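Right, one structure below, let's go through it.
Per-chain numbering from 1; labels A, B, C, D, E, F, G and H assigned in written order.
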Amino acid sequence: MEQKEMIDLLRQVASGTMDVEQAALKLKEEPFEDLGFAKIDHHRAMRQGVAEVIYGEGKTPEQIFRIAEAMKEKGQKAVLITRMNKESAIYVGEHLELQYDEVSRIGFIGEAPIKDGDGKIVVATGGTSDIPVAEEAARTAETLGNEVIRLYDVGVAGVHRLLGHLDELMEARVIIAVAGMEGALASVIGGLVDCPVIAVPTSVGYGASFGGVSALLSMLNSCASGVSVVNIDNGFGAGFLASRINHIERRTKE
Amino acid sequence: MEQKEMIDLLRQVASGTMDVEQAALKLKEEPFEDLGFAKIDHHRAMRQGVAEVIYGEGKTPEQIFRIAEAMKEKGQKAVLITRMNKESAIYVGEHLELQYDEVSRIGFIGEAPIKDGDGKIVVATGGTSDIPVAEEAARTAETLGNEVIRLYDVGVAGVHRLLGHLDELMEARVIIAVAGMEGALASVIGGLVDCPVIAVPTSVGYGASFGGVSALLSMLNSCASGVSVVNIDNGFGAGFLASRINHIERRTKE
Amino acid sequence: MEQKEMIDLLRQVASGTMDVEQAALKLKEEPFEDLGFAKIDHHRAMRQGVAEVIYGEGKTPEQIFRIAEAMKEKGQKAVLITRMNKESAIYVGEHLELQYDEVSRIGFIGEAPIKDGDGKIVVATGGTSDIPVAEEAARTAETLGNEVIRLYDVGVAGVHRLLGHLDELMEARVIIAVAGMEGALASVIGGLVDCPVIAVPTSVGYGASFGGVSALLSMLNSCASGVSVVNIDNGFGAGFLASRINHIERRTKE
Amino acid sequence: MEQKEMIDLLRQVASGTMDVEQAALKLKEEPFEDLGFAKIDHHRAMRQGVAEVIYGEGKTPEQIFRIAEAMKEKGQKAVLITRMNKESAIYVGEHLELQYDEVSRIGFIGEAPIKDGDGKIVVATGGTSDIPVAEEAARTAETLGNEVIRLYDVGVAGVHRLLGHLDELMEARVIIAVAGMEGALASVIGGLVDCPVIAVPTSVGYGASFGGVSALLSMLNSCASGVSVVNIDNGFGAGFLASRINHIERRTKE
Amino acid sequence: MEQKEMIDLLRQVASGTMDVEQAALKLKEEPFEDLGFAKIDHHRAMRQGVAEVIYGEGKTPEQIFRIAEAMKEKGQKAVLITRMNKESAIYVGEHLELQYDEVSRIGFIGEAPIKDGDGKIVVATGGTSDIPVAEEAARTAETLGNEVIRLYDVGVAGVHRLLGHLDELMEARVIIAVAGMEGALASVIGGLVDCPVIAVPTSVGYGASFGGVSALLSMLNSCASGVSVVNIDNGFGAGFLASRINHIERRTKE
Amino acid sequence: MEQKEMIDLLRQVASGTMDVEQAALKLKEEPFEDLGFAKIDHHRAMRQGVAEVIYGEGKTPEQIFRIAEAMKEKGQKAVLITRMNKESAIYVGEHLELQYDEVSRIGFIGEAPIKDGDGKIVVATGGTSDIPVAEEAARTAETLGNEVIRLYDVGVAGVHRLLGHLDELMEARVIIAVAGMEGALASVIGGLVDCPVIAVPTSVGYGASFGGVSALLSMLNSCASGVSVVNIDNGFGAGFLASRINHIERRTKE
Amino acid sequence: MEQKEMIDLLRQVASGTMDVEQAALKLKEEPFEDLGFAKIDHHRAMRQGVAEVIYGEGKTPEQIFRIAEAMKEKGQKAVLITRMNKESAIYVGEHLELQYDEVSRIGFIGEAPIKDGDGKIVVATGGTSDIPVAEEAARTAETLGNEVIRLYDVGVAGVHRLLGHLDELMEARVIIAVAGMEGALASVIGGLVDCPVIAVPTSVGYGASFGGVSALLSMLNSCASGVSVVNIDNGFGAGFLASRINHIERRTKE
Amino acid sequence: MEQKEMIDLLRQVASGTMDVEQAALKLKEEPFEDLGFAKIDHHRAMRQGVAEVIYGEGKTPEQIFRIAEAMKEKGQKAVLITRMNKESAIYVGEHLELQYDEVSRIGFIGEAPIKDGDGKIVVATGGTSDIPVAEEAARTAETLGNEVIRLYDVGVAGVHRLLGHLDELMEARVIIAVAGMEGALASVIGGLVDCPVIAVPTSVGYGASFGGVSALLSMLNSCASGVSVVNIDNGFGAGFLASRINHIERRTKE
């Protein structure tokens, strides 16, 4: 795509529609808008096929608002804000129509997306404490147009709880396995199914869980094939990737 | 599937085709063959849709041979052996028709697979030293029926080398980014494309690369979305997962 | 046990007492109750021979209450809640008859257990600061029907304090050694007795104790035989395991 | 016991059977024999109820021989040598009647032990490569008078392989779960049974397994209760502890 | 310089202008002023060519004030205070003319410096959250007499944002690359330019970023040449070193 | 000493002055007083030649008071309390005559000690922020009867500050080098003097200082001989050990 | 520069000298030559102002030869090969005129460079064992046209050895401080001079030096300003960066 | 001392005995001899009161010989060489009269030292495998004029072995506690005695001993006072420091 634009640009220059300096300028300045503290990437939506996402952590309420506003003005239909604290949600909510979920700390601005995924995404957790991360994944995926099935508290210490949901697991297009502590959920699921499994280690645990390191290592060392891993507590990353895999047919058809 | 078999079994018991003790026995014993030192999982091929894989590291030449032989006898058409050293390759090659590649340390027994993937898989490396891991990924994917494009030595220290291959990257169904040292390749690729990127950290490097930890952490912390990570040097895992994603349409159609 | 139930189920299907679909359904759904955020495992009590345990950390007061309530309704006689903060204790205490101990943060609902262990369990600590973890172990064991002897502040820097309690140590069926800092208590006790020693590293200490890592490594490297280790600060795990060992005769007799 | 001996000693002094200086001397010198480079602990056999064990690593063939010889001379019926390399086995075998197993690197001198354990010990491994550590555990337990059942290659990536052996697991008195990589075996077994589970992480794996750290952390963070952990590759420690638990009735009866 | 002073001193002694004991005393006591809790190094300004710097962290408001005051009294024209919290800024501001910037937590006392650097310094950040560290670097450099160009939020996940500023990068005398998470910014910039690049890892990120370790390792392993690294979040150090490099001509001419 | 007491005890038994059971009892119970949560070691004062020390961290104000009170009652002339927070100081101060220093968090009860050390102890710090740890060391040493010289803020970044105090360093009997960050102070001092140097790493620093790990490793790897290290921030340990070395003549003369 | 080339290209297209598709092609393919296993970056020499460098580790003798040969053919006057083992040196030396130094493992092909640096570079080491890394730095710098002064074995344990070379240190344009173990050399030098100091931690040491981590952390935490750090044992990186700083005037003048 | 020399020098300059330039030269060049690869510190013997020591690791046989030879020529009576491999011992032994011990890898050239220490040094080890490190400590101490008592294999798993040597421990002037694995020996000894204890962690162990880290952390966290720690396997450092403490009276008398 970008390659094509470059060729287009060259073509315009060749045909005299655009002069050289302007073309160079265009190449340099066009793709993003500079707010000083942030450079908004209006091309990315096209290039990467999704709504623009704002990572809320470390940004002030006002910064989040100004980025979201600039996106809306450029015609962005949907804006997803992750790691958004309550204070930011209140501030942004006063200026823009924001839907906010406290458990996953996800904010959403815009039209409800059409569920146009190729199949279903299953989000499973080892325990109850993993739910906030799982919800970040699930809601991200839903925002990006996916149908999500939640299987919470199906950890391996009672493997029959998981086996009781074989049907849902078997039918999934992608599975997101969210677990802290020993993180064995990803391996056991990975051994049962034949779809891609995205493992999300969580910082749930204490002592030698070292803030999620134990689950992370477990998942990286999974003896089951078809499992890949994202950062500790990175529900968004898992939901985003799952959506990408779940829209793979649609994308290639277009 | 397994669920269905269980229901079938129950049906046979209900209809009197099978008696109770035998059913229990069947449930317990059928799915794998016990060689004493290894339990071969003849169900997995069906359940996971792929050729059986033997992880060669830590197994004696004779153990590898006996497992492979047992698989062949059960009708397995293709057997993939990873992390196979030369000694094992020679031993197994004396008894079975083995194709062996020294760079990737991959052995293959059986019929050449049909390239039936939905699209193409790109395997890119940061440097020349990452090639053995990349080849493990590439050959695994090829063995599982995928068309693979290799882009080697396109690391970020000369970002134009990568940009020169935008076409191949843009058309890929899945990209495997293999890099050691600072592992930035995955992030830069992840920022350019809209398909899933599987990052493989390698143990290439010295000093503070800590045997691949530096690249691993880099990739887990990638600021680009759509990137997930497998274990250090786990070319097989990346190739296997890429194949799964690249067969996702085919699988659901069947 | 579960195996037996499966065979029973198969028998019922064979005899026509149960039809096939229901049997499959039963296999899938029966063992746990789904509260949405948690799946209560009513089988586990039978299968593992103990009262159900609720891990309180990361659960809201209401979640704890609802899980406990569901257990009581299913006929569970005793419910143990660990890592329960004061807020939860107050909330649950308003609805159910709860006994709560602030030091160990343990809550207990139900009838006082009969002390039916095979012998006595000794819980020893290196220092005064290790007492909360030790109490979690001791009260867990008591709740599960064990007689517990407490030997607190007998650390190795004054080895005669420990030697002064040789009698109690010698007579124990199991010993739980709780220590932070250098964690040498487990080794010294392990060298004196001939019963199993369960070592619990604690996060007590500062600087190079790294939140319990120092004690954990010490205990894992114990030069005394018969010592095994649980997670840092995992008093519950040690108490539970000690109880299991202390009921081993009873269980096999039944 | 030692306490009793001390009282006996005091009694002899009180009755005039022994004079004071000799008593002090006896207290000081009696319990071990000094070979210069090693102090053999002839009391330990009595005090800890087992054959004396020689840890072979870091000892020269001659040192091992001299320690074993001194034990035999003092009347020790059985001597177990762990981590014994082939060179040592050949040297010791020239002087004493040694049984040596290469896989587990265990040497044994003396009479075959009577299988006098209270029940059976199951030793399970995740994969084929874990067998050397498992054999160290199994043979240690056998040497100490236990009946051992081996379940090798039953890792969680194919959870049905494990479920196929529910009978053996259910009937075990103690289970030793040996696994490298993600070490999930201990959790899954721990969730199925109600006997003590001793987890042995192995150094099997590569990359982010960090020589067994991944499995170690996994096992320490096991969400299943009743699981405790020994050092990486410490098959001996697991076998020894399992034997202790499996002789607990016998011991208390004596 | 110091060497020269020593020779001067020796000369004075030789010529009788100074006697021996006084010379020894002078050597010992002269170079710093002792406030009890701090020894102010009045020589350093001369020896190292810069304004004295006070590292504010871990110092009380009063301590900072007293050190700054003593410097002013000795004739120091400019005092830079880093890691200064608001409380200290208020306290010091009541007694001395202080300029304070909250984002970078930098305080400045004295005359505005002349911009006498040889060229320009570019300060680039990967994201918005890295700005406080970048501002510490930028303001330090400005205080030391440098012209600074800020390029914020040009991280590698959208490499075109960076490429859009090639002109500024190409013309820089030194570049400071500030990034958290995967820290790839330094490598990509290092591959584009031919001036020294100072990489500053930041503690921005979560999970496996481990408080900046991920970015630190990434930068140390940079495959681009010409990159060196300072401590995590050490904006001051980067700004100081950049200034030193940017005054290198001036210094040698003097 | 203890050995002697045992012989005395045996003598009394032999002579009939004491009967056997009482002797055993005495051996077991005498050396410490049991407060339930703490076992006070009244022998230690004699055995180790110092005032009893209470480690205040992790103890409640009441626990500290009760331990101190019990010591006073047994005739202890001086009690030193380390890591004592203000709350505890106020509580204990209401019941006993306590001297409390906020910087070092040290409390002292009892008579001022006589300065009876063999020589002088120098306590040096790298920076101003290291002073609290240094004061813990200095006051501990003073409490134990030592003359202490403080050399604060003499870090190696201005090596002349240190060289200006060569006299004091040369005359010291023991030197305590307290430093955070890169901890080079210990090496530089160690290279200048010929007395024992006790290095105390502090948690002063940020980023890659990892809470004192950087200084700790630096000090352990010191290329200067005669340097040993205590735990991070362990001022007490350094002061105590320095006092022991500084009383070594006195002790042997007695 | 690259920006300028792009504008030139656009100009040629505008003037009709080049057509659009060829321009796009040129942009994509021109900058590097593809050997299959390596992409040689012929632009980099121009863009980065230095001879091309081949990192020899992990490359076969033949690969090194073929890369070097391709460079020579494209007109590269000087080729520097780092981490070159003896085997590679012999192989390459048979085909090309190679100068090889065994201590630094550096190979050089081409004309002797003119010493055109702005000043002198000092390379200092803490000990004798650091010399190989120091030589890699020194020879890299010399190859890039710098005058280098070597100060070896001037570690801080004998600070007067360093002070004896104050003249050379004071006159240096850049200093490279190479040290293992506690790595304090960089801080002490950094405190004495006012030029940039590049710190190179080495893997020299044992035990808690952890292969260079101790020195690395020390250097990152240096309390002296003006110090930056490269990877452990990265002599090349330090030499390259030092050369860049030492040619900064020359470069800006051109 | 050095301070005194400086004053002497100044006096000579003042009196005209020496002129200024020569004095400056003398200050700079006199204290060490430059062999190119090493700077021998002939002042250190005087300044630090001991024989010069050569650290053999990382030095070639010839380098060791040349340093030792230069020392002998300058009149050094005794030279101690640590970490000396056999090859070096043979080479040096051909040219100089060398005594070499293979276990401790210590070489010694010169006259037998007089045992002039104030008391005795005890060197204790936890096990047999710790002996090489212990011997490095013991022989270093003997070479420096100390009487050494060896207590080997007295680890805490059999605490009575240690208690049997209370007499020797009680009478020691300094104790060196050498232990690997869990390193508890230092704490137990530290709790029994009132002299300084120098703890030496060893790399003996496997798995979670992490090459001595476990013992190192244990020792740093020792709950016994009076314990300090040196680097892993640093027998020399412990022996050297012990000697320093054991000569403290002698030194101050002179």
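To be clear about the criterion, a residue touches a chain if its C-beta (ideal position, glycine included) is under 8 Å from a C-beta of that chain, and two chains touch if they have at least 3 such contacts.
For clarity, every value in this text was computed on a predicted model and none was experimentally measured.
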Check your understanding: What is the chain whose Cα centre is as far as it gets from that of subunit A?
Key -> H
Exercise for review: Name the pair in A-B, G-H or F-G that forms the same interface as A-D; by residue number, over half of the contact pairs must coincide.
Suggested key: F-G
Revision key, fill the gap. Taking each chain's mean CA coordinate, subunit B and subunit H are separated, in whole Å, by 54
Practice item. Could you give the separation in Å between the centres of subunit C and subunit H, each centre being the mean of its C-alpha atoms? Key: 49
Study note, to complete from the structure: Note: subunit D sits from subunit B at a C-alpha centroid distance in Å of 38
Exercise for review: Send over the residues of subunit F in touch with two or more other chains.
Suggested key: 2-3, 27, 127, 158, 166-167, 192, 207-209, 213, 216, 220-221, 225, 231-232
Check your understanding: Which of the residues in subunit A come into contact with subunit B in the complex?
Key -> 1-3, 47-50, 53, 118-119, 166-167, 170, 173, 192-196, 198, 216, 220-221, 225-232, 236-238, 240-241, 244-245, 248-249, 251-252
Point to revise | Parts of subunit C lying in touch with subunit A, wherever the complex brings them together | key: 2, 27-29, 31-32, 36-39, 41, 43-44, 55, 57-59, 63, 201, 203, 211-213, 216, 231-234
Study note, to complete from the structure: So, in the complex, the side of subunit B touching subunit E is made of residues 126-127, 155-159, 181-184, 187-188, 190-192, 205, 207-210, 213-215, 217-225
Practice item. Please name which positions on subunit G make contact with subunit H in the complex. Key: 127-129, 131, 152-154, 158, 160-161, 163-167, 204, 206-209
